[in-house]
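First subunit A sits with subunit B, and in the next complex the same chain sits with subunit C.
So, the complex of A and B:
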């Protein structure tokens, strides 16, 4: 899975916007949106919110969790716990990136939020690598992936699978009975 | 007050210092932290004599050539004066003494110490000591009763104790002070003083006041206070004559009170604001010397004392007259009005709006009282002159006694402060960043800080106009915003008149701005914008109307000071003070005017209902044009035009608040859909400008009884629907386009509710109630009700209902001939493209749906809904959004602005009318029945010709029961509507 595909999925998340135009209900395959009244918050998918925002047709109201205090709390908890802590949104990284890239003027303390989310991300990815390392070194058969987001799994999936494959091959070659000559093939 | 202030000079290093005069008044004697006692011949003495008494000197007393000091080696020593030779040790404590004092004859010395003890020692024989035990903390100060019977002491344990010296017992103890653990931590030194001579009063400094206790009864007889005193009083000292009391406070203020009248006759502020820690009167009473904790010595020479006691009375009277405005006597009744207001309005801490509203209104309440004071004092004068000059002791009481009855206590209802004029949708003017207006069109923000004095105008719908940034050089404080213009006004200043500025951005010429100066002495108090007009209410109770282009129009007088004003379309709503309210109520009146072709007053000065003890906090029109307001209790009320212009409470915003200090700041009301748009404010009444507040939507709820039950709920829904349905009739009567689909939907909703309620009443066997409900139903719903009743075997009910049904049917038939009259309304909808711009997006949508349903709507529909398609059509390129702006000129959103008047389209509609009317005459029940049943007939008899079909049908129709026929016609009405629809679009 490509990160851009994950991002695509994240764009289906709903976000509140304050439109500066008026439009009646829009009937889409994915569901009805609107009605849009100028100045009145309305829930729309992120893709539409960003599109409208880019055309300066709305202001985006940041999600409740996109707040410095809450994120700080979350970061501290993430650092303290050994396991993965629940994240505010299954697409927190993608949403942060999208909203901060396109609507940073509507989000108070955007820079701090960017740093905090990056911190949380780094902590979690580091944990993920560590656990992958122990997974391999202890020759575990299965791992729990609670509270992991799609994006996080995605970052490690390709590498982990390939390397496991590779290791499997190496190991099977190391087994007694196999000829040494084959090893050079790899 | 004539007094001369002598310059101050440093006498000791910083820390506690004390000062006293010698008996002759020739020397000033000071002691301080440096352990020296200095003897000054005058303040100008640059080389004072000094005696070193120890490392530190805490206190000193001087009488009859004996200088007693409390020093750091825990002793109380005697030195001769003025020679300064040591004369032995008077007494010792386990820690240092804090205060020493002589009795009036100089035979005894009292000393209080940090070891909780007070000792009284004979000066001549230091072995004769009396120890007073009982304090539970370091002693702060001691003072002798001039008659030598008692001794008073104050301690850090918070008590002030009067001791009987002979018996060494406590006579009385008052817990007056704040408890502390040490002399050095005490807020106030609490230096007590006993009135010299008659010894009638003991003065005790308690916080910012001085309490006077009467000797013998030990009653608290009076309090000396001063409004300007904010810091605790440290020391008090009586003048040698016993008529004046001087007090020095922590904040460096010095006050002298005349004890007889309890007036503050002298106020003086320490030039550096240091804490005054010692005070001494010159034996002649003409000078007060004081020292502060920074080691400065200064004195005030008071000339009034020089004039001595003969002319003193005269002075006193003059002072009474001149000082009464500044003077404040601590008596509860005077303060009451102000306190009442506080209690009334300040139930939450952040009541800034009202604080502002009342800030200068407290004075009118207080003023009459102040005036009374003057009168009382004048009245008091002869009394004062009659006082005996010499009898200083008894002079106090007669003067103090009449003071109380002379200030009559009024206990009836008190007038409430009239609410100040305000712009609905604005936050208080004292804020540096504030909303000057937040309405359905946009937001006007005002910034007034060091860097910038500016106004930002922002529109919710950017299609109206782009955002504007104006420099506020005139100091505008009021603003209003509409689809056409921004209106600003500033109050007058000393040089400049009050101005009205209008940015008429929708003007098609190049001059987008005009400005008007109001006449001199006239200030704009409230303003509003309507469609094509501007209204300003001024301080002279005048209402001025201007056209939006700046022409002066009508002018008329208001019955009272304006509170606020709003405009909507052709309506102007004015709220003003009808009279003075009492006990926290506001007495407001309301005027509703309608301009346009027929100018008239719809509501003429009726009393304006508010919740108990509340004030108006928001006023406006719903988007559909119904007046609406919110009071400080959060109750939203709406005008019920169908019930003789009464006001119906439709919502209580406080009910949805989580905490008591939370409020909702209303910014708009919509009737269709039913929305109360407001901004939730945590812990305040209004939102800050940053972070940008988000609008929330509250539902309406009529405060009907028992809304927890099913019946109550349905009743509430029904009457809410009826109330919010009123605007349709108003709009159509005043010639506006209405959302007919919404109207029929709400009618349907009402009928459904009635039917549900009918079923519920049936179930509960409340047949009378059922009939009552049926009266409210339309005829076809009554038929349904009859069916329901007969099915549930309530024949008597069904019988009664059928009578009602008949009655209704007759009514309908009477009304029926009028129906073709309505046709032009329908037909107008399909007329030329210029009509379409008047359509609401919603109506267009409905039409499109309808057309699509009929499978024929493509061409006209797509051109008829430019905005529906626009936003999403040009998603791929942002450049295309330009035409959107041009399309987005006024009158496209029915919710936010008055709909286009019908007059515009008269011509085209009448043309259409002539084309179509003959086609759609109302059909009889038979015709409808025929239409429905034609197919079955043809199926039964495929060989029949048209005329035969009709004949056959007639035969069949006759065989039908009367009821079914009736139903047929009812159905006919419904079908008729459908029919006309399809005809129109087909």
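So, the complex of A and C:
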């Protein structure tokens, strides 16, 4: 999967906005949206929120988890634990990037939030690499990882699958009685 | 959503104003076509090309000072929206109710003559005469003699009345010519179009910080190119300051500080040294008109004074010649106040000027005047293979925050242009190239002069002209010459054999910046049948055949004496 595909999926998440125009309920294939009244908060998918923001038709309200203290707690918890801790949102990385790129004037302390989210991401990806490394070197058959987000899985997917395939090839050639000297190519 | 077709035509100066307009249009998804034009001919051609497809035409910074309907001959359902700073506005444009809509600020005093003074219904005069004429000779001869006496008398009364009416008409027409002459004699500029668009956006509550910044740049452009009086500049700055405070309070709070990447506009009482934050302090002092003229940097004495000035402030030469950003922090901290104090000693009381600066990201800081110089340099860039439209698009791009390399290249070109201007000014004064012709001063840039290609463009030549006049006023001892206006000519097109001629009003502290050369040039050209092209939207800039130069000048001298 391409990271841009993951970002595309992330844009379906709902976020609160405060529009400055009025519009009746909109009936889309994915669901109903609205009605929009100026000054009243309404939930919309991120893709619509960003489009409206760029046309200066709304103000984006940062999600509840996008707060400096909460993120600091999460980061400290992540650093303490060996396992993966629960994430603020299944698409926390993409949402942070999108919202901070287009709506940083609506998000207080945007720079600190960016740093904190990056810290959390770095910690988790480091744990993931460690875990993948031990999985391969100890030749485990299966592993269970809780609380991983799609973006994190996506970063390791290509590498992990390829290396496991290689391991399988090597292992199957080491087995006595197997098809001798035949290296199958995929 | 609205989807109307708009067609925009603009002149060279309007890229700033256009960014505002585009921003508004993008928000509402309005379709439009943009055509930059450099003069009346361009405007006419562009109009002919597009008049079939469009109904609404928006003219930015062109079209107000000429009878537009007469010139373009549009269809009856075409509507023109004009936002132009050129004054005086042509009376036909002012009084047209249907096809021409002018966008003008309410307190801009236009001084337009009243309708009755210049337009008159022709009907009532004729009706009275024709009625009486048909009465003659329709009566039988019996009563004729008596009737003849009566009709004779009536005829005389009618005749007198007719003479009276004709005399009144001639008087009215003479007065009308006088009023129109007074009205149209002086050309000047009104409130910046960018500011007007911004206020329009504000009324629609669609204003953003970017638009505010562009409006500030528009206003600063008028000040840098000396188009408005100091009073007007200060008043408009106060208006902009209100908007800036409004935007700053909206977003900033002690607890919730804004991301560093967000754009911040701040009021600055900053130095009048052109581009000093993107150059070295020394070069900026040498190439800014204000300091260069006060020190008279084209003389040896002036150079010495400059060294004294720097020593007086305690600024080591090594520091001052470095790029501004690399100067020691200890020097940069109080720089403005230190310079102001020393400047007062050297007779430069106005070294600081009220302006605005913008700052986004960690390293991007620009003053409004920096942007003006950069954009102007890009607009009139003389690099090969670049058409005027390309230059226009480049200049437009440089105004958006995402095209910083364009902006930086503009700043570099502006530096070269300023250096060229200063060197030309120095050589003109040192070689006494400015001659007094009686009612005005005259200077001709010969073909081999270095950088003369730069000065074939109207804005660059006007800038040179203004700097030159200021420098001349500072260097001459002749009191009478200090009050004269200046006309400058430079080669424009070597193949066609033409020169570009620019006239500017005299330099004075209380100047109202009103320019009478537009009409003067027209009359001089007519009386000598010189081959001229009055194509530019500023009527004080014309193109003239090189051979006709001397007779044109002689006519001007006679006209203005």
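By our rule, the second predicted complex is superposed on the first by the 169 of 186 C-alpha atoms of A that agree within 3 Å, B and C clash if a C-alpha of one lies under 4 Å from a C-alpha of the other, contacts with A are read in each partner's own complex, and residues count from 1 in each chain.
By definition in this document, a contact is a pair of C-beta atoms (placed from the backbone, for glycine too) under 8 Å apart; a residue touches a chain by one contact, two chains touch by 3 or more.
Just so you know, these numbers come straight off a predicted model, no measurement behind them.
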{"item": "Touched partner set for A:100, first subunit B, second subunit C, both or neither", "value": "second"}
{"item": "Contacts of A:108 with subunit B and subunit C, given as first, second, both or neither", "value": "both"}
{"item": "First, second, both or neither for A:23, with subunit B first and subunit C second", "value": "first"}
{"item": "Residues of subunit A touched, compared between subunit B and subunit C (which is higher)", "value": "B"}
{"item": "Contacts of A:116 with subunit B and subunit C, given as first, second, both or neither", "value": "neither"}
{"item": "Which superposed partner A:55 touches (first subunit B, second subunit C, both, neither)", "value": "both"}
{"item": "Touched partner set for A:148, first subunit B, second subunit C, both or neither", "value": "neither"}
{"item": "Touching partner for A:41 - first (subunit B), second (subunit C), both, neither", "value": "first"}
{"item": "Shared contact residues on subunit A - subunit B and subunit C", "value": "20, 55-57, 108"}
{"item": "Touching residues (chain side subunit C, partner subunit A) in the complex", "value": "26-29, 205-206, 208, 251, 253, 255-262"}
{"item": "Subunit A - residues contacting subunit C, complex", "value": "20, 55-57, 100, 104-105, 107-111"}
{"item": "Contact footprint of subunit B on subunit A as seen in their complex", "value": "16, 18, 20-26, 35-41, 51-52, 54-57, 59, 61, 108"}
{"item": "Residue ranges of subunit B in contact with subunit A within the complex", "value": "440, 442, 459-463, 677, 691-692, 694-697, 841-842, 844-845, 867-868, 871-872, 875, 878, 881, 884, 888, 892-893, 895-896"}
